[in-house]
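Each in structure tokens, the structures are laid out below.
Both complexes shown next keep subunit A, but they swap its partner, so subunit B is in the first and subunit C is in the second.
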Partner chain A sequence: MTTQNELYLGKPSYSVLGRRPVRHDGADKVTGKALYTADVNLPNMAHGKIVRSPHAHARIKSIVVSEALKVPGVFAVVTGKDWPDLKDKVAVMGEAGTVNLMHLGANCLAIDKVLYKGHAVAAVAAVNAHVAEEAARRIRVDYQVLPSVTWVLDAMKDDAPLLHPDLHTDSMGKKADKPSNVAVHLQFEKGNIADGFKLADLVVEREFRTASVHQGYIEPHAVVAMWNEDNRLKIWTATQGAFNCRQQTAELLQISISQVLVVPCEIGGGFGGKIAVYLEPVAALLSRQCGRPVKMVMQRNEVFEGTGPTPGSFIRLKLGAKNDGTLVAGEAWLAYDCGAFPGGMIGPGCMCVFSCYDLPNARVNGYDVLNNKPKTQAYRAPGSTQAAFACEQIVDELALKLGIDPIEFRLRNAAKEGTRRVDGPVYPRVGLVECLRAAQNSDHWKSPLTGKNRGRGVASGFWFNIGGASSCSASVNDDGIVNLVEGSTDIGGTRTSIAMQLAETLGISAEDVRPQVGDTDSVGYTFLTGGSRVTFATGLAAYKLGLDLQEQMKQRAAAIWECDPAAVQVLNGVYNHLGRSLTFKQIAAKIAEHKLDPVMGQASVTPEGSTNSFGVHIADVQVDPETGKTTILRYTAIQDAGKAVHPSYVEGQMQGGAVQGIGWALNEEYFFDAKDQMRNASFLDYRMPTCLDVPMIETIIVEVPNPSHPFGVRGVGETPIVPPPATIANAIQRATGVRMSELPISPARLWKALAGQAEEDGPEPCGERSS
Partner chain B sequence: MVRNPVVRDLREPKHIPVIPVPTVFIPAQMRNLTRGVAQVVVAGDTVAAVVDELEAQFPGIRQRLCHGDSLAPGLQVSVDSTVTLRGLRSKLQPGSEVHFLPAFGGG
Partner chain C sequence: MSKKHHVTTSLNGQETEFLCESRQSLLEILRDQLRLTGAKEGCNNGNCGACTVLMNGVPVNSCIVLAVEANGAALETVEGLACLGHLHPLQQCFLEGAALQCGICTPGFLVTAKALLDKNPSPSEHDIRFNLANNLCRCTGYDKIVKAVQAAAKELQATQK
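Let's look at the complex of A and B:
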């Protein structure tokens, strides 16, 4: 049973949605005039620098700052001792859940232990960045080095070095007796897997491993904090959520949220990595101590070593199918690392692993595991990509062995309206079947692929997409232009997609709306930009705002015509009454002339539930058997957007997510040495794809309306990163006969697997049964 | 129109509230508390009331699901397949389905 509100209006056509207007912030961005945090310069501003741990795991015996303070031009030094008492304090971060403040604070500035190489230990503010660096070098930290661990399975062992000796595994509220690095154990069950597997004619089981990868946003973390004499703290920052940043910072400093004003600057990418605070509270502590605004900008190596990557993972997955291709049972065992502090992505990983299939019998066990890496953070559809890498390869193998076309196999088992996921909820109307059909009918799938060492793969992916609180306000100028202020940080062009929904509602053009992102004092509470929620939820707020403005414009038209507002009709932005008509702009012009009340409105919404986004990708690859290098020949991403508000942005999200997924599949990894030190913390050595590495990503937008939005919008940003690793692995299998079970599928790894190809169909099969 | 409540009592039958009887899906890791039962039908018009009723039938379950007056950290509740932000205050209808799930957000 589903109760998502049926809000979809079912309009047969739109005047604004579906068009491709020039983005409102485009000129500023292409001319270099857009203001990013690093561009903010204030009078008497100091510059901050972080001292970071050289060890993966160590106890801090002492920190001596006296020599640093003697450096001319040094204004302040802070350490973990400058935090207020955070012990046993938790903060309810609204929709972001509950946060252990001791952990959040200790991640920004270590308190008694460092838990990963690059962990922040102290910070300096000085007259410029060079003096700050010199002073940072003079801070003496005495460490007692401890054993460390970075591979998730090693961290689960009984004799593994414990990161938090007071932490006991939580199994749905039940705490284990002994301390462990396993922070959380989850389990989901549906049906009866023992009975289910008995029905299977073919069972395939394999193990999969994935490395940690980074979001790789081009703009490093940056902040300017100014603690004023009136005890108000103003923060300019690159954040995915100004209100979330405000709350995290206020809670860590134990001050009221109303003392903090967060100004979200333009943001050069986030993908989930700019939700948690790192520099903001530290810069605030420095500013309070030195009485100046303090700017801090990370270097790229600090971004890699000090901020959140994805979990590395180990997955064992088993699926059983009948000879006709019907899936009858599945079992998955997932261990995801969460880095230095609890709270990783294992929950959504477990919930997504079988989310594309109508599986009658399933069991999923998941483990959230601490290890000596930076605290993991979200990265587009967090937890789902690793799960799809495993599940979609087993599905592919079943299809191959049963002699069924891989898309046809998926269609026979695809999740649809009424399908119950393994974690319990039932889908409302969703678009996986439509995506699979679009893939089946695509030029890509229908085109033959010939040539040696070439193969074609396909895979599906899912992300929930969330709702949550959003606010916006607007005023109508005399010239009919609408100034829109919304609370969602614009990462992927959402300023325009929200403006378009307001314009559609009012019957005006997208260009007649001037959108801007407000700071935390100038717009109502708005949850973060993440979870593919902004075009859906803030767009819903814009729709509601549009109805409010329209009603006010009717009242002004009625005042001009001296008639009952209820008698005024509105059609496509034209207001009519008994043969008289005025456009939106004409009414706006007459408001001042007639001395009528100005028109301004506001709206806030808190939509619940998921909008459920599915995608299907197809890849053609060519493998060089001499080097193991995989070349992507052709790539197509198909996704249900619900309604593509601005198709160029939807395509851009699909292409961007696909390319990030391709990097995850083929090249990217946190490479640790024997001392658990990351050895590739630069873009030279951490190999993200460039435009030379990928072909033009073809896109097919499927539009199955979301019932819980008036225009059917679902959101698109997360799902496209889910299918690529499995899609490429499936293509490599077709090209070489080798099934790759570990990410990244780097040339060296693939070359080794090809060299050992004698082992039929893959290096690590766990088991297979035919009956 | 404001009516005299006394007169209304005389003229209209007393309103007898119907308490919804939702189905609660017991998380797999708590089924030891419900003797292996995966789904329980209990009376309650909110998730909080349902948890109280569960606790009466299966002592210990409240401690696992709740932290004071709120859901335990890291948990969220799904009512009729919609993850609700209202947590224990979520309203239930006859035939509602209740699931307790790990929290998730996005990137």
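Let's look at the complex of A and C:
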């Protein structure tokens, strides 16, 4: 059934996993000592500033930089003309998909055309940020403004303004004759949907729309680049993947990857948005030109207008069920923005849309659509949240109309081991059924909800957990402390979750491992932090490393005892031979004394395939009919973690993802005006949840072991953002009888729907209204 | 070159002098001149709270306070929270309660929470949420931050009895 290696050891208990040690980098972070990129200050450092397009779509007629260069204290100016010849080459960027380097370069500094407001066109380096800003204002760019488009369906029309006149739709490997904004058309199919729908007693079909939202990391993008006279380029940066940053930067600058050293600083949030480079290659060009290290830090409006939001989307979705609640067929049509350059999140969107269901007949069509927005980037389970917003509402409506409890309905159709997803893969052991049962048995679900304008909703969600390459190395000190160097940048406590897996393998405590994140010269290749892969894949490397260290410690013990290493038994970190025993620390202390070789090890892994994570959320809401405001009264997130390595940080991922999803559901959106300019590019107007907007987020961790990890670990980071918008929409339906088909369900939008008014601007609400 | 102003403050209990231009924010002086990089710049327009410091005991967004305004003021930053090698109970509770993930917002939250507990030693959950609403966190969903402040309040009260 599954082609994945069965690695699960099935240990009945753990000595380290499941405990909650204080994170190793914690003291630095609560005292202000932790070094983030913007905190780096080098001698003789210059400060850079980007000049950005004021237009959503325009041809660059000319750029005059002479006035900028006259400003005292200006050292360098670069434009798109400073790129080396960028070949049509494709780089793999993990869950962010693949990227054409020509497009990546043009996104960092425009070539010929600007494709969205905020698109970088030039950059300047000066003695300080104020002078750089002053000089940037004096760079004159002459534009020929072109018609623009930002709504995904408008961009698909035949007469839409074309972003890339040389781009022809790739439809299942075939190129279309005419140029189009549709970069890619995908189709997945299983069974026969025509036959399937014939079996249905009830079919529900609706259309759904979602606005662009931003990852909203609190740390703006920042970089310090230093191009040395020996042609070595050193980069300190806020990145989710030091090696991926190295690759992108080297390829854009057409230098060897080994000329580039990337030092990943502490990173102030990423959520998928800090995988693609923006500032790194530009700062490098400036540094090469002026011979100084160059620091660049974005302002918040630059982050909103110049970096990747997640796709806005249109989805039409149809599901058919029998009267007994059995799903028989489904069809989905998804169009997702990719913004200014191809390569959006439509692939995972199509794979995820029916991923929670054992659906015998299904067809999915997906479209990757260019429009005049910043190039979309991954955002926590990219593409899955929009798809779940559609699918989980249709499922809810079927359950409601068939008079079946919504959890019971999901249980009857839940994906499980052996279920084939519409895009092909067959699930190994997964934990959706267990999550649904935990939801059913939760205090939240069992507690009555009473009161006017109140309702309870439930929804499921899925994300993959990818594998990929991970490396780590370690040395054992005389005092028995293990120094661990691992290659995954740590966004949310993964140094500790990786260290704990090494400690568990060695039978020592988490505190006896000192983890650090290596730079690209000091640790083996490690794929980026994303795809919920780090605790799973880099943890797997740490396990393998632990086995190697343990074997070496056995050999040292055998040398001390003058016995055969194979005869040394290890139990819970204690090494035994014929009644003699030494602890890990005791052996470490004797290594130098006995003139034995120091113990150090390394391990790398490349687990393939996906290990699948499911979650179920429950929300109670109260809707104020006077204002349309939705208040979350109670919220519970349930998720299969496989094995929760550090339960506090698993809960933290579930709570953080849930609240990001609540923001997506109720408030967050890019507002574009008639000229396709974003009008809310600040944290004041782009309303992310504050702590006053949300209640405590209750969590239930379910543990269904992942067969492809020795401790059964599954990634947990991304799945929790998937269910919230659908959960809340379903709760609002129960509270008001109105089904909301457009995100965000802002007070104004809900108020209008409640008043039975058609929306004045933008798309019409669609589908029938439940009573 | 523009004329610089001479500013004298008490910074984490130590008299500190600096020169600044009229246009420079307190955050810029703290970070780039005094090299106290604990306060972070998240938005530079007073909306995220990552740059929060205490000015005469009151939390302010140092990105929208001009450095000249700090003349004669008592400033407290995250660097001043721990004392003689001991973490402040808030810092300890943040660590034990896993109230941080990426950590970029943490200094701002700690400083804001300290101002709250200085004023109100036993805040309700609503008091905490109301007072911390100026600080954005994108990682935690706030649950563990609120609980860490509750735990710190209890601990501070216990030690004062």
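Note that in this section the second predicted complex is superposed on the first by the 745 of 771 C-alpha atoms of A that agree within 3 Å, B and C clash if a C-alpha of one lies under 4 Å from a C-alpha of the other, contacts with A are read in each partner's own complex, and residues count from 1 in each chain.
The rule we apply is simple: a residue touches a chain if its C-beta (ideal position, glycine included) is under 8 Å from a C-beta of that chain, and two chains touch if they have at least 3 such contacts.
Quick caveat, the model's predicted, so the values are computed rather than measured.
Participant: Contact-wise, after the overlay, does A:380 reach subunit B, subunit C, both or neither (first, second, both, neither)?
Facilitator: The first partner, subunit B, only.
Participant: If we overlay the two complexes on their shared chain A, which of subunit B and subunit C does A:468 touch? Say first, second, both or neither.
Facilitator: So A:468 only meets subunit B here.
Participant: With both complexes superposed on chain A, which partner does A:350 reach: first (subunit B), second (subunit C), both or neither?
Facilitator: first
Participant: Counting only touches as set out at the top, which of subunit B and subunit C does A:41 meet: first, second, both, neither?
Facilitator: A:41 sits against subunit C, while subunit B stays out of touch.
Participant: Looking at A:27, would you say it contacts subunit B, subunit C, both, or neither? Reply first, second, both or neither.
Facilitator: second
Participant: Check whether A:271 is in contact with subunit B, with subunit C, with both or with neither, and answer first, second, both or neither.
Facilitator: both
Participant: Does the superposition put A:491 against subunit B (first), subunit C (second), both, or neither?
Facilitator: A:491 contacts subunit C only, not subunit B.
Participant: If you stack the two complexes on chain A, which partner ends up touching A:424: first (subunit B), second (subunit C), both, or neither?
Facilitator: first
Participant: Once the two structures are superposed, pull the subunit A residues common to the subunit B and subunit C interfaces.
Facilitator: Common to the two interfaces on subunit A: residues 215, 270-271.
Participant: Along subunit C, where are the residues that touch subunit A in the complex?
Facilitator: Within the complex, subunit C contacts subunit A at residues 23, 31-32, 35-45, 47-48, 50, 77-79, 81-82, 87, 91, 94-98, 100-107, 110, 125, 128-130, 132-147.
Participant: Write out the stretch or stretches of subunit A touching subunit B in their complex.
Facilitator: 1-4, 90, 92, 95-98, 100, 170-174, 184-189, 215, 270-273, 275, 343, 346-348, 350-351, 363, 377-383, 423-428, 463-468, 528, 530-533, 606, 608-610, 717-718
Participant: Can you list the subunit A residues touching subunit C in their complex?
Facilitator: 20, 22-23, 25-27, 29-36, 38-39, 41, 130, 215-220, 266-271, 297, 299-300, 491-493, 646, 648-649, 651-652, 655-660, 682-684, 688-692, 694, 696-697
Participant: Which residues of subunit B touch subunit A in their complex?
Facilitator: 25, 27-30, 38, 63-65, 67, 70, 72-74, 76, 78-86, 93, 95-97, 99-107
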